[in-house]
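The two complexes that follow have chain A in common; it is paired with chain B in the first and with chain C in the second.
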Partner chain A sequence: MPIVSRPDFLPGLPKWSRKTLFALALFGICFAFAFPVLWLILTSLRPESGVYYVHRGTEFTLASFAEVLTDDRIVSAFLNSALISTLATIFSLLVTVSSGYMLSRFTGPASRIWFGTIYVFRCIPYISWVLPLYFVTQSWGLYDTYTGLLLPHVAVHICFFSWLMKGFFDGIDPSMEYAAMIDGCTRWGAFIRVAIPSALPAISALAVLCWLFTWNEFLFALILTGNRVPMITVVMAQFVTEMGLRWNLMAATAVMALVPAFLVALFGQKYVIRGLRI
Partner chain B sequence: MFGEQQRFMLFLIAPAALLMLLFQVLPIVIGANASFRDWALYNPKKIWVGFSHYYAVLSDPAFLYTVLPNTFLFMILSVAGALVAGLALALLLNRPFRGQKLVQTILLVPLMVAPVVAAIMIRWMFNDQFGIVNTVLEAIGLEGQPWLVQRWSAFGIILLTDIWLWTPWFTLLLLAGLQSLPKEPFEAAAIDGTTTWRVFRFLTLPMLRPVIVVCVVIRAIDAFRTFDIVWTLTGGGPGRSTELFSLYAYVHAFLNLDLGRGSAAAIIGGLIILVIGVVLYRLVDRIAKA
Partner chain C sequence: MAAISLSKLNKHYGSLFHAVKDVDLEIADKEFVALVGPSGCGKSTTLRMIAGLEDISSGDIRIGNRVVNDLPPRDRDIAMVFQNYALYQHMSVYDNLAFGLRNKKTSEAEIKAAIDRAAGMLGLHELLARKPKQLSGGQQQRVALGRCIVRNPEVFLFDEPLSNLDAKLRAQMRIEIKRLHAAIPTTSVFVTHDQVEAMTLGDRVVIMRDGRVQQVGTPLQVYGKPANKFVAGFIGAPAMNFVNVTVRSDGGATTVEADGLKLTVGGADARALAAYNGKPAIMGARPEHLALGEGAPGASFDAHVEVVEQLGSEILLETRVGSHGITVARVPAETVIASGDRVRVSGQPGRLHFFDPETELPITAA
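Then we have the complex of A and B:
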């Protein structure tokens, strides 16, 4: 008799009904998590007159997408969001990989203090420092500029990602780095040539997460940008009030905002799942 | 002045520390300063007014009887809901079956959806005139509800959106946790003929506890500052009945243009969550050591 290491699904029922119920449960889960997105996509494909009875009728059109793409503000919001997300990912990784490495490889007061600082700042709600940051960026002339949005985004990632990165480096045996140092590598050499390459899967996972977080971020963009650097999330939220009744356009914009995130996540999925398991 | 190792450590954290100093520490100091001053955005006199903004916030019935209870209720229910659903899904998926990859990919969907987009989707589905939810309800003979203009149904929908967004996150982390548990205790329990419930209660749950606690702490702290889904779904309405703490601070600073009072609210909220955060951290530490 094989030994089951995992409890059976609904033991006591006959096998065929267990299988059916399991399949039904899986279907229910997939439905619950996919339905809102599918419904949004369906809405975006309906003509303006069909949007009020999405479940009936068979006309489908790409006109909503075409109309959205002629709106300069939306197009520039997409470009801005893509640019800021990419730059924020690059800068965040540069900053947090080294900080996570420090947390993982060194013990002692300096490391403990840095960890404590990061934990405290992770707890502080965004609004508590983004609200006054509005003034800081204005007085530095950074309000509504790329730099003024990019740097706070990089700053907000420091806490969580340093923490994740520490976990990743903790899972990597440091003896290779010691060996490299015995062979004449400097500390920096050991870090850059030995530790970073072995942490690459984790770093890729972090890159995917970072890109998604920035692309999806709302509060920073709402407070720190005006008309010159519109970001896609803010433009969409304004839509809900301004174009409240034109749900087909709303849905088309939202679907377009999903696409890049889906692509990034789809290609990065294996890194994210592998990275989370280390 | 520093040894070689100290210099290395310093250089590793210097860029991060500098950024945090400029974009987190400095704003918080400036915000603290603003919270003691008469700092209206249209007329920033910047006169020192002492604790009067704090007094105004803490004696504001909207803050005491709506915003704070909402925030805590939201934090507890959203974390509990996502944890229970996430754990149930993780247990269900923790077995080999055909189509595992597909289910896993679908579970990743909410993680990619921006909270703003999620709020738009849900808002459309629960639209009182044309939403699919009311259409279905009416088709089966029930009465459609104006979901987003009643306090508790609006609050429930905000909660639902948040749980939808975060359940997969719990599922993936707990599933990873489940799969890294040792197999031997489960085999021993199977030989002894232990019931499924007892296996869960006395084996799975205790062994999974460290993962669960870390997930809950991270999520609870994030849930406290929720802004985007509330803003997009209800804007804090109907009236101000679904306002959470972040919204309260934002509304005072940027809609009522009173930066002093907004900052005071932001700092009060920051202090509250800091206390909660430290208490939770102690808890994690104790559980990790036990």
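Then we have the complex of A and C:
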């Protein structure tokens, strides 16, 4: 039922004014969220001299994009971020789906210990993982490598998303898997051939969340990588130099970083909504 | 060819909960056995142990000549119907039916023939291309039955398959299952909490309570000769009336007395009750064995009508006799009667049951 036609939404007003008010409120909320993005896009299209006067002036240029796209460091940061996000998503899903399934279906000591472990790690504030991880990656020789960034991401995903996955599997009737076991599957067979296909909307939702989480992540990328594996979120912040702030380049990089995230969110949102509703 | 044999079967959950206690049961080949009891009585656990979905704490399960204790479900040659159908949601009805056979590496031609046969029996032909989500509850349950039939297993297991259906559909599916068993005689175990389902479907009925088997018998046996007070109260609808009585046996006549009630008993009942002279006993009278009117001498008593339930075909009366509530069934529907009336109720001689108040076992002549 549309909210506008609900009688308890401002009951004293006539219908047309209720609709107008509702539209205005909707517009206001959308504007509040969209404004920074619009401002960012506007900034990225202004010449360097115009970035402090984005709201006036009619001069627009794509020069900032051209400059950013010819910068090897930024291009490689893009590729790195895409690669790390994709790999982190694949590896996390491999573990998270089976770990969530175990938490949901098995009640033995192994399951309880695993449950306790990820619970404890989940309670630790995200930011306090960074420094120990820095020392560990340093001493293992993983600092500033793909592996050194990938592993912590996967670990965080496992702790955060196993719970979500457990919730999804809790919502799926286990007798389907029992039926499969009677129909000739092993326990693993029932998991792979029956449980996973039924959880596919949820798994797609999780994939979208994992990917966006890693793509947008800043802290690990900042601390655990240096010059060899630049990530887009870190590179973007490096336009703050002693020579001044290069707003137009930063905005152009940010707009480009928005595009893949925007596409993933756009195509993934129907899975996210369906998945989260299971 | 597969008889099922359970011997000294036990199931413990941790140290606290003993769900199934020393269950012994022999199910003959092609027999249809209904396991019935209130929720938590261990009937579903027993079934799941037969299926191999639940480990056995101790005891043995045999299917055919094999001890299957440690066999995984897929190697037991069984098929199971679940309460919530358990159809594979991501597959079409055809693929649901084919799933088990494909796992056995059956050729697609044979699979198609088996599915054709099952679909014909259950009227599934138009549904084969649909997904389970597009089917009604009754259709889904028919697909679940079909999935069992195509595999042609040695044993069918049913775990409350009709509980999620509405009353009318439930009655239809009951008949369908019965017809199916006649067409494809296969050893079947049917778990239900509904005694009507158990009585109508089972060649034999197994009544369980608190993990123990209370009685095993044909529907007529468990109805006519209940093994204890629990079975007497559980089987039959409306439920049997129980009255705490005192037995008086003097001279030739044996009577049982309670507040507002004095009945003369004769024949075998009198001989059985002889040992209880002056002692308490529990009298059980089925509502359908009571009638309005004077009846045989010494077999009637006065009752105060509290509730009149008109069913169209008959009237159910809730009456009060002294401090006891007594239900009377099978009162002709045309009878003019209202709550507050006083009526004369008589019992059919020889159809009363008597139980020992301590052991709750029936009192019978030695």
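The working rule: the second predicted complex is superposed on the first by the 262 of 278 C-alpha atoms of A that agree within 3 Å, B and C clash if a C-alpha of one lies under 4 Å from a C-alpha of the other, contacts with A are read in each partner's own complex, and residues count from 1 in each chain.
To be clear about the criterion, a residue touches a chain if its C-beta (ideal position, glycine included) is under 8 Å from a C-beta of that chain, and two chains touch if they have at least 3 such contacts.
It should be emphasised that the depicted structure is a prediction, and the values quoted were computed from it without experimental measurement.
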Exercise. Given the superposition on chain A, are chain B and chain C in a clash or a fit?
Worked result: fit
Exercise. Should A:175 be classified as contacting the first partner (chain B), the second (chain C), both, or neither?
Worked result: second
Problem set entry | Partner chain in contact with A:200 - chain B first, chain C second, else both or neither | second
Problem set entry | chain B versus chain C, judged by how many residues of chain A each one touches | B
Exercise. Which partner does A:183 contact after superposing on A: first (chain B), second (chain C), both, neither?
Worked result: second
Exercise. Of the partners chain B and chain C, which touch A:154 in the superposed model: first, second, both, neither?
Worked result: first
For this session: Please work out whether A:231 is in contact with chain B alone, chain C alone, both, or neither, and reply first, second, both or neither.
Result: neither
Exercise. Given the touch rule stated above, what does A:77 touch, chain B (first), chain C (second), both, or neither?
Worked result: neither
For this session: Applying the touch criterion given at the start, work out whether A:95 contacts chain B, chain C, both or neither, answering first, second, both or neither.
Result: first
For this session: From the overlay on chain A, compute the angle at chain A's CA centre subtended by chain B and chain C, rounding to the nearest 10 degrees.
Result: 90
Seminar exercise, completed: Once both structures are superposed, the least CA distance from chain B to chain C in Å comes to 10
For this session: Pick out the shared contact residues on chain A: the ones touching chain B in one complex and chain C in the other.
Result: none
For this session: Using the touch rule from the top, collect the residues of chain A that touch chain C in their complex.
Result: 173, 175-176, 178-186, 194, 197-198, 200
Exercise. Which chain C residues qualify as touching chain A in the complex?
Worked result: 51-53, 72-74, 76, 78-80, 82-84, 86-90, 99-100, 103-104, 147, 151
For this session: Over in the complex, which chain B residues touch chain A? Could you list them?
Result: 4-6, 8-9, 11-13, 15-17, 19-20, 22-24, 26-28, 30-31, 34, 89, 92, 94-95, 97, 99, 102-118, 120-125, 127, 129-130, 132, 135, 164, 167-168, 172-173, 176, 179-180, 183, 186-187, 190-191, 196, 199-200, 221, 224-225, 227-228, 231-232, 245-246, 249-250, 253-254, 259, 262-263, 266-267, 269-270, 273-274, 276-278, 281
Exercise. Which positions of chain A touch chain B when the two form their complex?
Worked result: 3-9, 11, 22, 25-26, 29-30, 32-34, 36-37, 39-40, 43, 51-55, 94-96, 98-99, 101-102, 106, 110-111, 114, 117, 119-133, 135-136, 151-152, 154-156, 158, 162, 187-188, 191, 212, 215-216, 218-219, 222-223, 233, 236-237, 240, 247, 250-251, 254, 257-258, 261-262, 264-266, 269, 272-273, 276-277
